[in-house]
Structures are given as structure tokens and as C-alpha cells.
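All remarks here apply to the structure that follows.
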């Protein structure tokens, strides 16, 4: 029965290739499937491979797997898109918990003959697994809004000390194993607590990064457990997740330009909470998310304003239009009569970028089409999309016809700051919850949107 | 002295990272350096690490290394760019030869106690090394024009049989080792011959692919030798070269769109010789090479003609211009008075793509600037760059002032075919050896040029 | 309610074009139009009738209508005939004192002059100045191009390379910006200049070069309008403009300071130094002209330089102009008649600013 | 060698402009220019003198010069005064029989008419037809735009959205293509049409729409020129053009068949059906016109449609036109004078084709 | 110190393996577009559920009498299986958006 | 057959190592732009010169009397060293063009 090793090898390769494919949009789905296959085969082998002092207990195993599978499926089906990160976080927590439960059991199997290496590995698995477990739970709580942010100057020092404590304990326990039978349990508890105190101070905004970090930890825990059982798939799979998880974490930090240090030593969430603080409650978005939204939309309406002229973004706009159209999205331009600074300002620019006249929709028709527009891309327009013209009799522009873009499904506003437009009045649009702000010079922003769209396949 | 293993690991990692960096233009040079470091450290360890039954012989070793280094350096310095592929090919051959010489020696050290695995490995190293050796030499010969192409129907069958023979011999020798002492030498010869007959029938045009393939083989030979000596760096380094070499070979085939099969089973070089056959002696080039040429040029002159109008390539042209300019190349447009089909045709188009007027150079100034132009990019122009207007009194356009682009360093002509221009006369330019043709619709071609330029950093 | 349209004696501008007439009729207004009111701008009586309006004599219109619309001028005699509390809407150039203006102030009817509209975003849709200025800006370039004996765009031809025409635009208001855009379109090299440095951005947003004079006296409170500038500044300014103008083939000047004499930007020496065959279009000629030599509504030739003085270029596009004008009026009416003709909300900027009346009147309603 | 320039009595076209004059003088020619030859096209005698030319009377010029340059016309009396074996170069419309032409044939001097140049690549630099056609094409659009009482580009303004003007160009030769390019620049929607389907590609290369008539009779041998077409084809063609023209605001027609009467493309019914205010520019009016109603060198108004008949629009840009014209002439002279005035290579297409002479003469030299 | 080095020496293969795998992990991810951060995270999270194998082995080797091991082991299996199955399922859901239209 | 499988079993680590390294090799190259094909080839070719280590070991272990081994071994070293040194040098030359200007 030497086939086992072969199968293990195969499943390892499946895992690797799966992970690889997962990292490119066009192949991601297959990647996930391959990885699943890899897991499946590995698990089957683990169940059926011949083994020294095997007592079967298949009943428990099947029951366990089945139960888990059912629960997992149910949740993953009924969660809605926005809830997914929470869910991932819990799942990851469970992975950690699994590592914990096996390693604690192993810890109590040690006898005088068990090697130093083995013990160290086991306890590390216990510790890391524990952190991943409770950490993930907190992360979940935060995302679900069940746990409030809380932090104090001291917390990071406390964490440091606590970490020392854990490691100290482990070393002690490894050096003189059999002395205190309760120590493993202590180590367990300490680890679990560290998980809590580690994640708690971190701002909700940064949870995705944290989850990815914890995921990497789970991976490492799995690898350690693998070493304990001398099981190749566990080792390699675990290591793979560990390393790729680490990189991914770094990438995520980059994407929301924070440094990982600045993450781990707290000081978290500062940046992102800032904005919501000083200017009402606006939602910022990334070029990337906007790109996806548009890429998978049916109808996109571009709403050019004076800002497009200032940024000279018309050509970039045309390019984006081209990329989207070529991917089956249909793109139009809603031209407000007073957009820009002179009559026909937008016409001049869009003609220059030669956008066909047929794509230029004027106010009334546009307001008609907006209801079944999926994404409104507001390019440096402000007054002409100011809803207070419609609903705020107090407003100086009340009664002026404007583009009623709030009738569309999503609104993304491209501008450089929260500055006002020509008429110098606030624009409630920006604070509406359909609206996402994408700050920066319109031209640059649109160019990066275009790149994002292009990489997407 | 356990540091050895550590150092070996480090050098392995250096090799990997080096290879990785080698595959992206901006990091390639560092990559090469890192790899070299990896090699260096590994070699040092090999020389100084403590070893069972060590007899030093350091003199030989240093002498050898030194001699090799000197020869290698000299050649790599004095070869000129065009000669590099040949050189690489020889170097690779030597790598193979090295594998051969050690494995043949090992082969004669076998005794009844040596394991089956060990022997198999050794003989495979011998065989593969041998093929790589002679194969590379032939490849060199072909590139240097010292060896003529020669092929016959049978050659591929012959090769197949010969291959069988080799393998047969090896198996026989492994199963009953000590019987015939001359067998190893026979195997050696057979392998060397196979190398010859394998590469010989392959058309000179495809040599790059072949070299890359042989390089992969050398890698494998090294890995096998590594197994023989149980030396990690050799194994991993060899395997790395083997696999990456294989992929590279495939990529190269793709790039010149041929399949690897169609390479190995001969049928080689057919395609590439075709063109030179039917239409005089023109040189085709790839978007990619053109891109490099332009990217690293000082001055690029675009020569638009009616073809640009037909392809509506003006905007694409502007984009390419932008990418190049942003990389410090300066790009201008030489406008011939009668380019296009109406007076000022090119002006209209380039204005539309808003190329600044200052970049539009007219005939006389252009002819002045062309002498220090590195690359002339002829975009669908034909009559207006027809040198026979200058030097062929017989030509119907003799005496017409044209753009004397042959004064520039390189000429690349973008057109769809060898069709004639408005005046319906042949254009000697296309057959001049400064000129390279890049066929296809101007717009598409220019867009891919632009992409190539962009990926270059 | 009856809306009457009287012919504009002075310009090819009719206050309602047939398309808009029918819109109003849909809104249940009665429309009576003075016979031949639209002819000058290319709208025949038939068209009005088919749109559902009634053709009548001037007298009738004036006496019958509750709201009277006209272009830019109206006779004292006409005013007499208007019934007490009806409204009169037009574009009476309310910033420049004139007998007509005093007559209008004394008129029994309430008179609105749309050129007095605030330059606020909400007022845009009624802003006749914008509509007409923009039209004039476009026309200025087209006329200049027609006048000019050369290509606007650069041309590389077998008979030599022709450099692009250089266009200088003075005053980048609505008219100026439109001129810039049009000249750019035709392929000219465009430079522009304005006292309001705020305009720089707008000029550049049209791809033209903004030529700067340091030390401009901004007055942003003036609602987008320009204010008079310091001596030294004006000197520097004149110098710069002189140099640029001399290089230019076409100069288009739109510089205005509402209610005041237009600033002189092109002096005689400049004209003298300009190339033969170059063209100057002075759109400020009515208010004194940006060019010393320009004569209002005349085209003169000063040794080889053609100077077109015309502040009402839109009149040459009467048809289009009237269409825009009447759309503006339509929007204006819809705004002021929100709650019926007899209770206008005088505290709305749009109404109070455009309404012409004697001080006591204003005192009353204040 | 002495080159003389005589005034063109008929058009604002002078055969040498000062810039080119000095070029020739550098090449060691003597230049004598008839007094006021250039005035009509904006070049004063002073300019010529400062360029190094001598101003003289017409008589002098004719008698003294070895090579005489002029515009498009010359009197019989003038011909008498020309010395035997001198050359006369001009643009005498050599494809259309006329008394002048017969006179020129009989003239003792060798007469070259540049409009007869082959349309070959090598001849491009002398091709006056191209130069002038292209100028006219541009001018046609500018004039039309000035005539037209509306915007060319689309405009979305607070006073309503104005659709872009629709321009139809008939005949996409040099003039037509230039017209297309210019109209596109101004932002109009341009449709074009030509019998030579080869032109389709060229039209599209300028971003305009080519409207097709199936079954065109190609004749590529005619050196780029069009040939007369079959009955049925012409019917289909007329129908299509009618429909398109009716939709258009501006129609510019350049359709010519050299030496023949121009094809009629715009019939009365079409004009009748066109919108009021639309403009037709018929650049073929001289050769009978593409529009039945057009009158050569007149602008008429047929119930609301303005029809401009002018085949020599370049005359309105005399300065530019003369510059191009004289560059062409310069290139022509440099070509034919390669080996001296007295041994022209009559077998060169360029010379043989442009030379006007009686048959026996040609027989001799053949 | 020396022990550790010895340990390295004895497990040189293993260590090479680990290092190369780690590097492979980096390599494989390094070029992922931001679009995929979350799906990728969840995908690799599912893989980290591989630890379930440990639990399985544990249970298989447990004396049927050894209740604690059985209980915790099974618990481990359940948790692990949730992680694996749920993880892949939810990843798949996220990736639905990349289905070609 | 079985032997081979046994062999696998005994060298499972090694095999994993090989497989993963091979994969890494693929991974590392897969995205190389055509520009770099030749430099990359020559670079990896230089690396394949690692076989020189074999020759070195051989020579080190050769009896000073064993002339043949010494000769061929040294020859091997020379060839290998040419491959390594020359390879890297020439690669470096090719890559000069990518020097930032």
C-alpha cells in the first residue's frame, strides 16, 4: 500500500495549482475546485490509509465530517455578500480550534521518550492555533458589529508581555515536561487570551488584514501539526497557506496603504476612520472595487462636469468606455445643460476625444435612463448632480433641473476633495448611502480604473 | 561543521531568487548577480567543506576553475551582440561535457555494492549530458554558419531508433553491471552521436529554441549528477534549470508560434524560411524587438502615410508616443507633403489625436534630423519614403523629394502586406538591409508595440 | 392668460419661436404674435399659426396681452398702450442708462430685463446673456475665419507647409470661451487672456494657452463679473497684449465690465504693428470697444488689418439666437409664474434683480 | 534668364509672390513684375522690389521676359507681344475649349497650362489643381458656416440642446476631402459621396460616412478622374442624394468630370424639399454646376435655401492661393528648366501633357 | 546552538522542502489583483483546514475507551470540516461574479 | 513496479522536494516577456554549470595517483567553470541594455 504517498503528493500538487489559479480572475473558480479536490483526496487517504495501531472509529470520523460539511454549506449558502468576511473569519477560527484540540490532546500523550523537537512543535501548534481561534472570533465580532473597538496606550505593551509569558511557559514546559500536568492547559488558556487581546485593539476597518493574518497563522498551526504527525500534505499545505497568507496580508496592507508593522503594533484604523470623522458620513471606495462594479454592470452612465475639463480627463474617459464596451457593458454620457463653464463645454471636450454623438444623452432622456443604470460615474461634476435642487426648497438652486442619479443603483463620485462646486453649496449626494467617493485627479483615477478593468480578464 | 548545509540552502535560495529576478526586465541584472553569488558560495563550500576520504588536490581544482574563468570571461567580453547565441550554445555544451566527464568516471567506479538507483542515475546523467554536449556544438555550428542544414525523411525515424538503442544499452548495463567493461564507453559514444543526429536536421532559424531545450537537458544532467553525489544544491539547481528551461522553450516556441512537438519531430525552420523565398529578401521583425529598439533609442521618428489614415492609427500613435516620451525617448513625426490622399491629410489626423504642432517636422527639417534618428517607424507610408526617387533615374517618381529615412540607424515599416502605394511602383526600401518589416494593420501593430513598451519596466 | 409677442424693431430677435410657442400653448396659455414678428429671424407667420398662435397687429398685442414679450427694444408709444398690471419681458440692457430705460422704469407695467439676471446656477436656464454671448463667440471665429485669407489649421502640402493661424482671445467670459473652443476646433493656435485669473483654469480646460499678467485685482464677490483694475496693472497688461496681438493673425476681444465702458486692450500702435491681412473682431464695440479704432457695427480696414466691430454678432444667426432666447424666456416665465401672475415672489433674487422700477416702487415692495 | 510676371486680369491670383520671387533670384534669375500684379492678392509692388524684382509695365514684361508667368487668363493682344521662343506658363483651363485656348495654341511662344498636369505622384508638387482645390474645399465650409444661421457642433446648453449640423459633401476629390476634414473639425456630422468607390476608404479615413450607390462604373485608368456613368446608376444615385440632401443643413458639391459638363446631382425638387436656412455651395458651377439652380459666381436664395455658386472660392483667399500657386510654378520651372530653357525633354509626361500646341507641332516633336 | 544545527543537518531535506515551499507560496500569490484579495484569502483559509487530517489520524488511533480523545478529536473533525467545506463553498460563491456573462 | 513504489515511499521527502522545485521552476518563469528570452536562457544556462561541484568533489576524492580521474576531473572543472563564469558574464552583457538611462 505505498500508493498513499503518491496520492498525498498528487493532492499537494493540486493544492498548489489550485492556489495558483485562485490568484487570477479568469482561472480563480477552477482553482478553488482543484484545491477542493486536493483536500478531498488527502482526507480520503487520511481516513482509509493503513495505519499502525488503528482502531477505526470511522463512525466518529464520518459523523464529524458530515456534521461539519452540513453546517459549513448551510452558512456559506445563506450568508449574503456583505457578510462573507465575517463568515470567513469564523471558519478560520474553527480551523484554529481544530489545531488546538488535537495539539492539546497530543500534549497529554507525551511521555519521557518524546523528543524535544516533537514537544516544541506541538506546543507551538497549540499556541498559534489558539491565537488564530480566539483572534478570528473577535474579528468576526467586530465585523458583525457585535464587538466595539476598544484600545488604550498600554494594550500593545500588555500584549508584548503576554506574548513573552506564553513563550516562556512553553520553553519551561518543554525543558521539564512531566513536572506539572496542568501546564498544557495553562498554555492553552494563555494562548486563547492572547488571541483576544491581540485583535481587540485593532480598528474594525482593518479587520480584513487581520483575518488574512490569522489565516496565515492557522496555516502554520496546521503545518506544525503536520510535523507532529509526520504528514506531508499537512506540512506542505500548511506552509503554503502560511507563506501565501503572509504575502497576501502584506499586499492587503499595501492596497490600503498601511504598513504591516503599523498594523501589528496597533495604531490601527486611524486613517480610515479619519474621514468619516471630520466630514459627515461619506463612504470612500477604491479604484478596484469601482472597476469590478462597472465591469460586471449592464449600463454605466458617465456624468461629466467641470472637473473633467480641469483634469482633461476626456480621452481617458473614452479609453475606459472602450474597455468597458468591448466587455459588453454599455456606456453613455449624461450631459447636463450647465455642466462645465460655458454652454456646450462638455460637448467640446467629448467631441475632442471623439465620443460619438449618439452616446451623449441630454438631461431629460438621461433622467429617463438613469432608473435602469447600474453605475453612475460622476466625473468632476457637482452642482449639476445636486439633489437639493429637487428636494430642498431652502437651497439656492432649488427648482433647477438636475441629473437625478440617485435613481440609479450605484453612484461613484470622482473628485479631488470635498470642495464645493461653482455655486458654492454643499452637495447632499456625497453623503447619501448609495454614493461612494473616489478621491483624486479625475484623469489619474480614470486611468487606474481602466487598468483595473483590463487586468480583470 | 554543520554550517555547510546552511550555506548550501542559502545558495539554493539565491539561485531561485536570481532566476526569478532574471525574468523581469527591471530586476534582471540584479537577478544575474544574485545567481552568480549563489553559484560562488556553493562552489566555495564544495571546495572547502570537510569530506570523507578527502585528498585535497586543491591545486588541480583552482587551476581548473581559474583557467575556465579566464577563458569564459575573455570570450564573453569579445563576442559581439549578434554572436551571443552561439556563445551561449557553446557554454551550454561545456556544461554538458562536464556532466559527461564526471559521470563516465563514476561509471567506472561502480562495484557490486553500488545500488541500482545509483547506477541508473549515473548513466542517465551520462546520456543526457552527452546529448547536451554534442547537440550544443552543432547548434553553435549552425548559428555560426559553419554547419549547413541537412535533413531527410528518414532522419527522425533514425533518431527514434537510436534513442531506443541508448536506453536499451543503459538498461542492459544497469541490470548486469560488471559484465562488459567497455559498455560505459559505448553508451557515451552513442549518446554523443545522438546529440549530433538530434540537432542536425533542425533548421538554423529554430536554433534558439533548440539551445534552450539543450540547456534544460544540461540542467537535468546536473540534477542527476547531484543525486549521485547526494548534493542538494546540484539537485535543486539542476532541477530548477531543467523545469524553467523546459517552460522557456515552450514560451519561445509560442513566441515564434510553432509547437514544441513540431520542433522535436523536425519539420523545423519551414515557416521562417518561407517569406524570404517568395518576396525578394525582406527581414520581418516582431512587435517585441521593435519595442525594445524604440524603448532604448534616443530619437524616434514616426513617418505617417496614407496607411495610418486607413487604419485610423493616429490615436494609437499618440499613445505610443506618450509611453516612449515618458521613458525619455524623444519622438517626432516627419510629415511628407504628399503623404495621404489630400493636402494636409496627416495634419488633420494628428491634430485629431492632438499631437502638438511642434512635433510635426516637415520634409526638409526632417531630412536634416533623420541622420541622428535611431529608429524610423514608417506607419503605412510607402511612396513618400521610396528611395528610388533619389537614386533611380528610371523611376517614374525620380526627382521627387522624399524622406531619406535610410540615413537613420534603423527602419521599421508597418504595413499589411507587400502591396504597392498610390503610385503603384515597387519600393526598394523594403528590401534594404536597414529595413525590417512589421506586417499587420497599423493600429493593431502600434497598440501591441505600446503594450510591449509598457511591460518593459 | 394671454401672452403677446411684439416684433423687435432693432434686432433679428423674436421672443418666441414657433416650437416654444406650442410648448406654452400646451401649458394653456393663449399666444398672440405681432404680424411678421419672426420674419427677420426666419420664422414666418404661417409657422406661428400652425403652432396655434394668433397673428395680430402690434396695437392689439400690446393692449390685449397680460404678458408681453419682446427683444431688446420698445417704443415709448408702445408702453402707453400696455394695460396697467401686465408684465413686459425683454432684454433691455438694464445696466446702461438710456432714455428707453427711464421710460421703462416709469411704465405702468412691470418690466423685466433679462440681462439683469444674477449669474447664479439656478438662473442659468434663463440667462440670455450666456446663450447669446456663446453664440456670438462662435460666430466671431467663423466670421474671422471667413474674413481671413488663409488656413486656420496647419497644412503640410506639396506647395509648402502652411503654419497654423494664431488666434488671441481677450476676455474669456462665456463668449470668449466659446470663441476659444471654436478656434481650437478649426486647428488654430489659441492664446487667451482675462483679468479674472480664475478663468485661467477654464481657458486651459479648453486646451488654449492663458497669458498671464501678474498682480490682477480679483473681486470674486462681483458674481463672476470683472472689476476695474489698477494703473500699473493696466500698463503691464497692455504691453503683454500688444506683444501677443502683433504675433496673432486673428484677435477676438470680448472684454466687458458690465455697465461701464469696455476696457481698451488694443491700441492704435498694436493695430499698426499687426500683420497685413490679420483680422480683429471687437465684440465690445457697443460699450466703447476693446480696440481704440473699432467702430460699432462696422467693418473697417486699417492699412491691411480688418477690424470688425460688432457686439451683437448673434444677430447674424437670428434663427438660432431667437430659439435660445425664447427658451430662456420660457424658463423665466415658468419660474416667475409659479404661483400665478399676480403674486410674484419679489424676494426671489431672480425677480427682484430683473425687475425695472422707480425707487419708491421698490421701497413699497421691500 | 529673365522671368516676367504679368497681372492676372481675371482672378486674385499672382504667379509669383515675393517670397518665391526671392527664391528664384537666389537661383540667378532676373524677375520683372508688372506693376500692381500682386495688389489684388495682397502683395504690394514695394514687397516685390524689396524681394529684388523690377517693377515694369505689362508691355515691357511681355516683350523682355524669356519666361512669362501669369494666372488664369491672357489677352490675344498680349500674345502678339511675346517674343518667339519664350515660354508662357499659367493655368488656362486647358480641358475646356475656348477662344483663349485656340489663341494660345496658335501663339508663337510655347504655352504651358498647369491644369493639364498628370495626377502622378511626381507631379504633385506642381499640381495647382490640388493646391487650389484644397483651398477651395476649406473655404467652402467656412463660407457655408458663416452663411448658416446655426451652430455646426452639437451644443447642450441651458437653453436647450442644439443638434450638430449635417453636412453632405458630393464628390470627394481633393476639394471634397478637404471640405470633409474641415466640416468634421467644426463638429458637424459629415456624409460624403463619390462615384469613384475607391474614394470610400479615403472618406472613411477622415472619419466621415460614405454613402454608397451600388453598381458604379469604375475607370481606374482615368488617372484618378471620374468617367460618365450609366443611366440606371445615375437614377439610383440621384435618389440617394436627394434623400440625404433633404436631411442636410449644408451641401457642398465638388463633383467634376474634367473637360465635360459637371454632373447634375442636386435637382430642383431636392432644393425645394430642403429645410429653410440650409446652404448649398456648388463648386462645380463654372462647368454647369452640380445643382440645377446654381448660378456661377452668384449667391441666390431659393425659398429659404441659400445657393452659393462658386468654382473659384480660392479667390477669396487670394493671398494664400497665390502663395501656393507660385510654389507650384516654382517647382514646375525647376523641373522643366533642368537642362536649360532651350532643350526641354518633350518626352517627359509632365512637359508633353501641359504643353499647348497645334497638332502638327506635336507631330514634329513626336 | 549546535543541537539546532545538528537538527538542521539531519533534516536538511525537510528544511529545503519547507523553504522552497514557502518561497513557492510567495511566488504563487505575488501578482494577485486586488479584486481577488478576499476570495483568495477565503480560499487559502479553506486549505488551512487541512489540519483536519490531524484530527482524523488522532481519532483513528484513539482507544475506543479513550473518551476524551474521541470527543475532542471528533470536535476537531467537525470544526475542521466546517472550515474546509464552508471555506470552499463560500469562496465559490464569491467567485460567481467572475463567471463569463 | 513495487520496488519503484517502495523507492518512492522511502524518498517521499526527496520526491516532494523535486516536484515542488519543478513547479517552482515553471512558476518563476511563466510570465517572462519575450524581451528576456535570450538573457534568461543564458542566465539559467550559467546556473546549469552547477554541475561543476560534482567535478570538484570528484577531484577532491581522487587518489593523487589516479591520473585519469584527475585529468578528466580537472577537465570537467575547466568546462564547468567556463560555463558558469562565461555564462554569467555574457548574460550580464546582454542585460546592459536594461540599464536605466
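For the reader, a short list of remarks on this structure follows.
Should a chain be cited, it is by its letter among A, B, C, D, E and F, assigned in written order, with residues numbered from 1 in that chain.
Everything below uses one rule, namely that a contact is a pair of C-beta atoms (placed from the backbone, for glycine too) under 8 Å apart; a residue touches a chain by one contact, two chains touch by 3 or more.
What you are looking at is a predicted structure, and each value in this text was computed from that prediction instead of being measured.
Separation of chain A from chain E in touch steps, taking the shortest path, is 1.
Ranked by distance of CA centroids from chain A, the top chain is D. Between B-E and B-F, more C-beta contact pairs are found at B-F.
Greatest Cα centroid separation from chain E: this falls to D.
Although chain E and chain F share one sequence, what matters here is the overlap of their interface residues, and that overlap exceeds half of the numbers used.
Averaging Cα coordinates per chain places chain C and chain E 75 Å apart.
Each chain gets a centre from the mean of its Cα atoms; for chain B and chain C, those two points are 69 Å apart. Centre to centre, using the average C-alpha position, chain D and chain E are separated by 82 Å. For the pair chain E and chain F, the distance between C-alpha centroids works out to 33 Å.
For chain F, the set of residues touching two or more other chains reads 13, 16-17, 20-21, 23-24, 27-28, 31. Shown for chain D are the residues in touch with two or more other chains, namely 124-125, 130-131, 134, 151, 153, 155, 157-160, 162, 185, 187, 207.
For chain B, the set of residues that touch two or more other chains comprises 16, 20, 236, 337-338, 343-344, 348, 351-352, 354. Those residues of chain A that touch chain D in the shared complex are 335-339, 343-344, 346-348, 351, 354, 357, 360, 362-363. On the chain F side of its complex with chain A, the touching residues are 2, 5-6, 8-9, 12-13, 15-16, 19-20, 23, 27. Considering their complex, residues 13-14, 16-17, 20-21, 23-24, 27-28, 31 of chain F touch chain E. The part of chain D that touches chain A in the complex is made up of residues 151, 153-162, 164, 187, 189, 207.
Chain D makes touch with chain C in their complex at residues 42, 124-125, 127, 130-131, 134-135, 138, 142-143, 145-146, 149-151, 153, 155, 157-160, 162, 182, 185-187, 276-277, 304, 316-320, 323-325, 327-328, 331.
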